[in-house]
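Next, two complexes with chain A in common: one pairs it with chain B, the other with chain C.
Up next, the complex of A and B:
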């Protein structure tokens, strides 16, 4: 029982990442009709926003310590971060320790800008082109973005730890009256909470603001909204920026979970597309529902008891479920009629 | 026709016949004729360096390339000579190889077997590479080794740790300086027993491919021999990035040790995830929970950051060794590149020098002659103490390092510390050991 509960927690956590990326993908597809294969790269760029903030906050003055030697026998370079010099050792190290949450403030404008420039500079030229062209150009863009990051940051994973206040895990067992351990890492719980917040904020933005209402109307009938004199293209461009920011924020907060590397976006991309297709192309609630559902199923399939009966099921479960759902519900769980069916 | 009545044509014909007659015995000697792939004809010889330049191990490949370039410089008499000054064989003179200036071409393995074979093939067929060196994966090493055997060139493997490379997949044209999974386990088990006790229950997470399987088999056998029990072994897909769903079941499995048979990005992520789940803070069966990473690399340890602290593993070599060879190489590499070399850089550097030295001693580039010179070769001064290139399987035998993640690192390169230099005798095994069974070295192929 405790193992199942633990895997459900795990699934919610994995599903958070899937749902956030799939939500952004669906936003772009639903508004602009573009199949964006560069969306995983936006997730990766978000994670590297966290790396960048950590590096900026760690910029240091260097002094030589004659009493210690480096690997070549020279005096050891001692680095003192500027923030520690400016704010004192305790406050300075606290600021560096909280670099990942602080990176959210950095990532929002950066990712909005990147998304907006991507859409205006490249993707808008492919609106009326076949989906195959869109896939090719966005996939190419993803590779370019990867290589740029690799050029500046190298190919190795870069450790980007969570604040020390969130190191360790919370044991749910006493709460549930279990006599075994049901410990789950604090930061993963934070990630789940953060994802829920972002998903809620996106839905609230679309549901309760005038801007969101116009966007939803444009998603349903772009031409009619245009005839009303509303510049729907401009709003859709902003939505692309928002989708990029959502992917970026998912990346920032994911950085402490797995050390960021330049190809981490590709690791999530295929899964996220499966999530979008299972959820239903263009359906925002479908993307979120499918994200969490597939995350939980993937985690449960990793249970030793399940693998003992079905060896290797953990590697294929998502694709098996996708096939079954598409066979029984060709438009996905919550897909709308007419989307990608012409 | 009198003897003195020579025509110019007659003189040339006679000279050609006589020359051919004199050269025939030399030509028929296997170690001297030019009947082998890419026999150098000019005053240069080209080496092929096949390393990952893109993909997840690109940083490791870059470090291998740095070391190979340094080795070429030293062979050509440039720089401070590095390990050539400490190498027990004195056949290398710093004037290239057999008097030919050394040049090199590079290929990108991408850490994919097919891409690695294509890159090696191109270097052999288009660039005329006389040998292939490097790489950072056992799957790639086995694939490229097979290609070199078919093509008739020597393959000096880089970082490859699977038992299979010099076990069931060994080839006469292939040589491995790097240690293997069996050796890691043989070095680690006694240290683990002394550090954590004999009464331990281990849970294994294993990368689902050739290296992972042989690593798990080796470490399980070695730890069971010192009294540990293997509770479970779970295979994880190589493409996994989040290992939380594999680590969660460890918590209530009754195990008090987690063995991560992972390398590279898998190791960084699984170790990070395990530490996040608080495994190192747990107490199970009245003992502190421990994590073991059988194969360490400095670059990957840096990727895992503080998570490696206190975690035991093994390495082929480390720049902190204080023998003259290691110091010379670290100084040479450090002064050129501003950083200490990794153990994959070391093995590629050493392999390049060993190949050149074998050519000098054989007096030929013919791969069969080079192979004969390497087989059973005993040497020293290249780090790791006295070393043997065993003739039966082309595996190097030398001391192995047991490492531990440093608790208080002083700089970015100070991530691991040496716990023990396990003597060579402790990690040796018979050529027909069951873990290495199933393959034949076969005959050397000179190609052409």
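Up next, the complex of A and C:
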């Protein structure tokens, strides 16, 4: 029982990441009708925003201390990060410690900008082209972004720790009245909370603002909205920026869970596509639901009891579920008629 | 000739001549000269040219004719390789039974995957094939079926290879490497030294080249057949086909299976040259690569995929070999500051950065040249023809103005 609970909890953070990426994919797809294979790369760029902020904050002045020697007999190098010399040692080290949450502030404008530039500079020219061309050009873009990151940051994963306040884990067992331990890392709880917050914010934005209303109207019937004298294209390109920011934020917060490397985007992208298709193309609630569902299913399948019967099922369960769902419900879980029917 | 038109026969003959004389054509620079690094006439690379040519021809039969973009074709490549290595393990090092098995097994898998995936079209189809290929990759990378049955099927991440403890019931004493019916070993190479040049004639390469020619001929026949016409009709307007009362699914499924068989054959040939099979051949980047080859060369054209495969494999090998020393020797004629500057600029794109060039190339081709190299060649040809006409007669221009449709 507790093992199952633990796996459900474990599935939540992966599910959150899937849900956030799939949400962005669906937003782009529902508004602009573009299949964005570079969306995983945006997630990866977000994670590297966290890496960059951490590296920037840790930039140090090096002073030589002649009184102490290191093991090679040279004078010991003492590194003092600039932020420590500016804000005093305590505040400075606190800022460095909290670099990942701080990276959110950095990532939002950066990702909005990247998304906007991407849409205006490249994607815009592909609205009228076939889906195959859209897939191919964004696939090429994903390779390029990935290689640029690899060139500057190297091929190895870069550890990006969470603030030390979140190290350790929370024990759910007393809360639920269980006698075994049910430890769950704090940061994953934060990640789950953060992603529900973002998902809520996106839905609220679409539901309760005039801008969101226009966007929803445009998703339903682009032509009529255009005829009413609203520049829907401009709003849609802003939505692309927002979708990029959502993926980027998912990446920033994911950095402490999995050390960012240059191909993490591709790893998540394939699964996120499956999530979008299972949820139903163009359906935002469907993407979120399917994201969490598949994340949890994936961790449930890695239970030892399940694996004893079907070894390795955890690695293919998502694909199996996707195939079954597409065969039984071709539009996905919450797909509507008329959306992306070709 | 052989029941194909005059233009197609010419094309086939050109490809045959190129394949036959490839060791000469690809080795234009004397051994040991500074330009020798641009030579591509060594057996391993030549084999890759033709094998990936076959792979791309097969992919083009699906994508170029029907417009269905499969993002999971590498799965069949991997299956073909595994099938051939299994035949080595069970029978002996003769490649023929393995190649037959590779084609049959990949056809069965293509039938199953195609049957499900072709229920949807457009991006759904792409994502479904991608999901299937990733599933196959996960299965073979961890050898899930083998673990389920308690044996070894794909040997996980180590990759499948032949061990001395394998049954190999037909094995003879002299056999230790893949060979063709005991006549010739795949690796045997005759080196011809002519002055400063040296040319390698490799048995494996010529074996693959003959298969490439047969496959190319088959592709021409398919392109020109009523079946090929039907597939093109599906591409241009599937709805109209359905309205005329025609069920298009059997046609697209047949195209999918045929292209899966081509991929399986290519995978089998990879294992025929080098008796190994690994899961990384199935990874989705490999699927993306064959898409790129086809697009770069020109989807829907006969010669395009072969050109694209050759182009990509050539630059992959040559670019990857270029390092900073080579760059410095190239730009040595420039002043010192300029030399370092140029090396710094070019450095990210060569050597390990080859993938960056590949990605950029991919984008540029899709953006500016959707028809690929073939279309590029045609455009250049048209520019020259127009120039001739301008220089020549005014009448032709006048005729063109009267009847622009005649262009």
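The rule we apply is simple: the second predicted complex is superposed on the first by the 330 of 342 C-alpha atoms of A that agree within 3 Å, B and C clash if a C-alpha of one lies under 4 Å from a C-alpha of the other, contacts with A are read in each partner's own complex, and residues count from 1 in each chain.
One rule holds in what follows: contacts are C-beta pairs under 8 Å (C-beta built on N, C-alpha and C of every residue); 3 or more make two chains touch, one makes a residue touch a chain.
If you're wondering where the values come from, they're calculated on a predicted model, not measured in any experiment.
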| item | value |
| --- | --- |
| Which of chain B and chain C A:315 touches, first, second, both or neither | both |
| Which of chain B and chain C A:302 touches, first, second, both or neither | first |
| Which superposed partner A:157 touches (first chain B, second chain C, both, neither) | first |
| Touching partner for A:133 - first (chain B), second (chain C), both, neither | second |
| Touched partner set for A:125, first chain B, second chain C, both or neither | second |
| Partner chain(s) touched by A:327 [first = chain B, second = chain C, both, neither] | second |
| Partner chain in contact with A:91 - chain B first, chain C second, else both or neither | neither |
| Partner chain in contact with A:144 - chain B first, chain C second, else both or neither | second |
| Chain B versus chain C as contact partner of A:277, first or second or both or neither | second |
| Residues on chain A lying within both footprints (that of chain B and that of chain C) | 315 |
| Interfacial residue positions of chain A with respect to chain C in the complex | 35, 122, 125, 129-133, 135-137, 139-144, 146-148, 151, 266, 270, 273-274, 277, 281, 310-313, 315-316, 319-320, 322-323, 326-327, 330, 340, 342 |
| Touching residues (chain side chain A, partner chain B) in the complex | 2-3, 6-7, 10-11, 13-14, 68, 70-72, 76-77, 150, 154-159, 161, 168-169, 180-181, 183-185, 187-188, 257-259, 261, 263-264, 267, 298-299, 302-304, 307, 314-315 |
| Contact set on chain B toward chain A in their complex | 54-59, 62, 232, 234, 237, 239, 241-242, 244-246, 248-249, 251-252, 265, 268-269, 272-273, 276-278, 281-282, 299-300, 302-307, 319-320, 330-331, 334-335, 340, 410-411, 413 |
| Of chain C, residues touching chain A in the complex | 63, 67, 69, 71, 116, 119-124, 126-128, 130-132, 134-135, 138-139, 142, 144, 147-148, 284-285, 288, 291-292, 295, 348, 353, 355-356, 358-363, 366-367, 370 |
